[in-house]
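In the two complexes below, chain A is the common chain; its partner is chain B in one and chain C in the other.
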Partner chain A sequence: MRFENLKPYFPWITLVALVLLVGAFNPSFLSLSSMVSLVADIVPLFIMALGMTFAIYIGGIDLSMQQVANLVTVVATVYLMQFGVFVGLICVAAGFLIGAASGWITTRQFVPSFVATLAMGFIALSGARFLSGERALSMNAEARDASFAWMFGNTGGVPHEMVIAGVLLALAWFLQTRTTFGRALKAVGSGELAAISSGLNVDRIKILAFALSGTFAAIAGLMFSVKLSGGDANLANGFLILAIVAVLVGGTPLTGGVGGVINTLVGTLIVVVIRSAMVYLEIDATMQQMVFGVILIVAIALTIDRSKMRIVK
Partner chain B sequence: MAVTGSPEAQKSAGGISRDVLVRWAPLLVLLVLMAFFALMEPRFLTVRNFARILIAASPALMVAIGVTFIIIMGSIDLSMEGTVSVCAVSFAFCFIWLGGTLASWAWLALPLALLVGAVLGFVNGLIHVKLKIPSFMASLAMGFVGTGLAMVMTGGDRIRIEDELFRSLLTERILNFPLMVYVAGLFVLIAWFIQSRTTLGRNFYAVGGGEELAHGSGLNVDRVRVMGFTLAGVFFAAGALLAVGRIGIAETATGNNFMFLSITAVVVGGTALWGGIGGVWNTLVGVLIVFVIGNGMVVIGLPGYVQDGVLGLLVILAVILSTDRKSISFVK
Partner chain C sequence: MYQLKKVDKKFPGVHALKAVDFTIGRGEIVGLVGENGAGKSTLMKVIYGAYQPDGGTVTIDGKTVRFQNPRQAMEHGIGMVFQEQSLITNLTVMENVFLGFEQQFVRFGVIDWKAMAAAARHQLQKVKLDIDPAMTTAKLSFAQRQLVELAKVLTLEERIDGDLVILLDEPTSVLAKEEVELLFSLVRELTSRASFIFVSHRIDEVLELSDRIYVMKDGEVVDVVDHDAAEVDAIQRKMVGRDVDKEYYREQKQKPFDPSSALVRFDAVSVAGNYQNISFDLHPGEVLCLVGTEGSGREAILRTIFGLEKPSSGSVIVKGSPYSKATARAAVERGVGYVPRERKIEGIVNGMNVYENMTLSQMANYASNGVLKIAEEKALARQWIERLSIKTPDVYKDCGGLSGGNQQKVVLAKWRSGGSDVILLDHPTRGLDIGAKEDVYDMVREMSDAGAGIVLVADTLEEAIGLSHTIIVLKDGVFQKRFDGSPGDKPSLFDLVHHMI
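Right, the complex of A and B next:
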């Protein structure tokens, strides 16, 4: 097997090497139960990263996801009593609409997605702060259990949040590889002008891609809200950068067109293994951020496929 | 990040050419905003208030100018939060260690902080160029390293700088504006000089305008990139010094919020994220737009929860108004 053929598997190899390395230092890391709880804990991050994949896959970026998730935690908490389980629909619709608005501003108004989504995030933040009255709200425990207890149950040792993540991953994977929409996304990501010339309705595809990332952000926010049993305009803070890092480490470059949702799965796992490895290896709390940055540089250097990049910007 | 259309599309349609209009659009946006806030609340137009805006804007202006050079090259630098924190903290440690007042040898801490910024930027550039990691990721990771390093150095503590001579950056006023505003102005002039009067400045535009062309004409693109990131690091350090001068405290959180703030300001000022267009003056206008909006909303008494949303809306509007829609086919 030639070296070139191995390139798509670099993220996988990095992940396995990392797991084995940490396992060698601390064998308890390799136990099944610790792994399952580790993976179950990161489901909201993974869902957010899945959504981010669509925005990055077409060569854009979505910086509003964290604020959309924040807004959704507040919406879910405030309207849970009134609408029960259907509050989920409201949340997802809100995420879809905010994402679509970002997409419209980017494609039709020529505002780079970096700024358009950042600004839409501020607008969502305003909504969250207004709705929550600038307080941390908590859910009515009975209403929460009646509507959303299924989210965090456990069947035969498999946590339900993992099942949800699996279903969403399958859905995203199906969209990306088995539908014309997925093909169109790839076309837009690898060459927008060529996509326009071949008659694709590029604007609609891009708006939909951003709407999808907004939708996933909303689902992640809903899970946060149920898990922590409350809503707050700052609840999901800190997840945006991690979601971007997860997508990039997985091997989906910012230029778009390459990579995809499976890469994001691997990328999220790499990020989580690095983070939890520091706990297992008993690295001092003040050192963790720095070590994370250094390992990240090494991981990115190892995983990204440079064969399709002529210029590295 | 965007593709420019045919050259004919950029020609004017008679009267004031659109080129001129687009070039001055950010400044027009700034003036309209100021007029609007002044109409809503006359107190906005006082010298006191302008001083307040400029004090708040000075550190961010330094950081935004640093990243402007990188964006002109078509790259991006997201390491500013970490770099600012490390520079602020190492300045504070060194300053106190050497005597704690500018009247002693402690003044050496000032050039040292700039040097620390340069080194961090240099490393950032090397990682980007030598390991061939896109600048977005390389600098983001370097930002983590920087924030982490500042955390290790301080152990989470805040360091107070109480030297009156250093704090005169804020307390000493000339013509009603504190010294730090003039210092920031000096750095803007230096940046403008580098941009328009040095080979390095020209090379930034050459790289951003078309990297393969620049490479083909014999330019050592990698070297220009590394020097660009080093220069950006120096300006981040200047921002760190002004930030410490403003609040008198150096800590890990000194760098917080600079990343999105500075890049938003750069884009609002009319510098294109895909490189080759814009510059220092654009960034000055962009930073002022962002801070005038922030200050104006407080002055006219908008409730806090509305302010983020209004800022978002106005930023989108400002970018729309200062983009030449006819000359680009799409943006990413």
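Right, the complex of A and C next:
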């Protein structure tokens, strides 16, 4: 086996090795119940990472996701009383529109996606701060339970948030592997010029990819908001870097075209294991961002396809 | 003084240089000719240090040298004047001339611009260019930039001991006639300072300028002729290496086309900056070949048919109506298929497998409500793998890992299986070996038998003549002449070359 052939399995190997390693230090980590609670805990992050996968799969990136999620927590909290469960639709629509706007700016105004989404992120942040009046808002507990209690129930030991994550993963996987849209995403990610010469509407595909990442960010935000029973312009902070790390560590490189949503599942699990390992190893909470920053750099350096990037700026 | 002995260079699947011997003496001008893919560029890259040879030796004045990069070659007096100009257009002329060698003008950590300007003026004098060295390069004409490039290379004279060897890569391809003559007289004068290697596809120019001419074919030097003994005819025959065989281009399979209807109709079409006032009809079953040098507008015409270029005047009718909005998508929907020159970048998607590539342009035919019918895709791929004898282990093989010829077959299968009947071929045989070329020629004949109209920009003139029913010769974007090429009554190379240049 050559190194290149092994590369696709790296994320799996890493995951198993990490689980065993942490398990060796702390056998209780390997118990089913602790694992389930650990996994259920990171569902919003996983959903955000799923959305990020679409942006990175086409060779772009979406830096607005965290702010979109922030905005959505505020929107959900503010309008819950008025619209009940339908506030979810408003949130999803907001995410879709912000993502589509980033896509439009990228494809039609030729602003690279990292700038376009960064800028849209700040616009969303402003919206969140304005709407919340820069305060931490809390949800009306009755209205929340009436509309969204189903999100965090538990049926036969299976937490509902895990079911939601599973459904979204299946949906994203189906979209990626079984639909013309998914095939087009792959073509754009691995050979955009060939996709254009085959008559694909590349701009529309890219706009939709960013719209999808915005949508997933909104769903993640909604779950946060319900879980923490409130909204705040900073609620989802810290999750952007984790989502990017999850996608890249999972094996979807920044250059796009390979990897996908299953990889992101593995990547997210790796992130979770590392995070809980840091707790077990009593690494100071203030160090976490630094550790993930370093992992991000290493992950990109290891996975990037240099033949596709002649110039790095 | 500068010598290559038995130099070999291999790339995956291609033996680009086969034991090449090459010598150049002090003050000599050596010509280098060959068809596309004969190994000229590879040889040049070995000479100026961009490639390292796999075998053989490079010696300067008897001493063996090995260059890891162009900079090391420059330090040994070897400079390159690039065809695609290497000047950075937003810098001034002097900054370009001394790019990478500014240290000599640095005083107390800052550049002494006056000293640099004076030095640049001295260099520009060598090429008789009287311009302000502080001018922005973008403001110069193309010919002037070429001279600045030459001046840049001539700075080596002051910088190194020993002799200079300067490579000129197609220096005349975009110059007007008078400019070419000026350049030539300049080069002759400069032989007192340097030796020159002159690479061009214009054989007459090479003959005029060079003391000695190396003729390359398939990675080998097949002949070395002296200026006095050189004849265009003989050199051309050596370049091709054979009298062109009629069967090679499947001429016996060429059938008359149906002139009563037109698939594509160009009526006085211009694209500003590319070509002007071009008219032709493409009929079912016709192979129409656009002939001209690089930049003559042939590729732009293909791009116009494919909707990638908007005509600035005139009308383009594809299958009965003009494009309402010119995009590649609109063209594909009308049954136009494009086989681009950059096969690995625009032709196939590197990273997608055989069936994914074949259905990429026609996914709607293999999906219902956006959900792909992958089994049908695979069946299609198997059918075309069989039909075109594509060499691939299975339909799951990444197309990036196929050989060039098989990649090309996948691209052709993509268009033909989708029912495209206007096929645009841009250098379809570039970089293919002979067997793969013949496969492509067979496919061209099959497609025109099936009633497809083909617009071809060929890799070589022989290919253009051999394959086409109709030849349109272009020069600088202007129509020159139209030839009919029914089998047995084909125009000759010289008929074409005469109108191209």
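Note that the second predicted complex is superposed on the first by the 273 of 313 C-alpha atoms of A that agree within 3 Å, B and C clash if a C-alpha of one lies under 4 Å from a C-alpha of the other, contacts with A are read in each partner's own complex, and residues count from 1 in each chain.
The rule we apply is simple: contacts are C-beta pairs under 8 Å (C-beta built on N, C-alpha and C of every residue); 3 or more make two chains touch, one makes a residue touch a chain.
The structure presented is a predicted model; accordingly, all values stated were derived computationally and were not measured.
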Between chain B (first) and chain C (second), which, if any, makes contact with A:Arg183: first, second, both or neither?
-> second
Answer with first, second, both or neither: which of chain B and chain C does A:Leu32 touch in the superposed model?
-> neither
Check whether A:Asn201 is in contact with chain B, with chain C, with both or with neither, and answer first, second, both or neither.
-> second
Would you check which partner chain A:Gly257 touches, where first means chain B only, second means chain C only, and both and neither mean what they say?
-> second
Using the superposition on chain A described above, determine whether A:Ala141 touches chain B (first), chain C (second), both, or neither.
-> neither
Going by the touch definition up top, name the partner, chain B or chain C, that contacts more of chain A.
-> B
Between chain B (first) and chain C (second), which does A:Leu193 come into contact with in this model arrangement: first, second, both, or neither?
-> both
Determine where on chain A the residues touched by chain B overlap those touched by chain C, and list them.
-> 193, 196
Chain B - residues contacting chain A, complex | 1-3, 73-75, 82, 127-129, 131-138, 140-149, 151-152, 155-156, 211-212, 260, 263-264, 267-268, 273, 275, 304-313, 315-316, 319-320, 323, 325, 328-332
Would you pull the chain A residues touching chain B in the complex into a rising list?
-> 58-60, 63, 105-107, 109-116, 118-123, 125-127, 129-130, 134, 192-193, 196, 202, 241, 244-245, 248, 253-256, 286-294, 296-297, 300-301, 304, 306, 309-313
Using the touch definition up top, name the residues of chain A that touch chain C in the complex.
-> 178-181, 183-184, 186-187, 189-191, 193-201, 257-258
Given the complex, residues on chain C that touch chain A span 306, 328-329, 331-333, 338, 340, 342, 345-352, 356, 360-361, 363-364, 367, 370-372, 374, 414
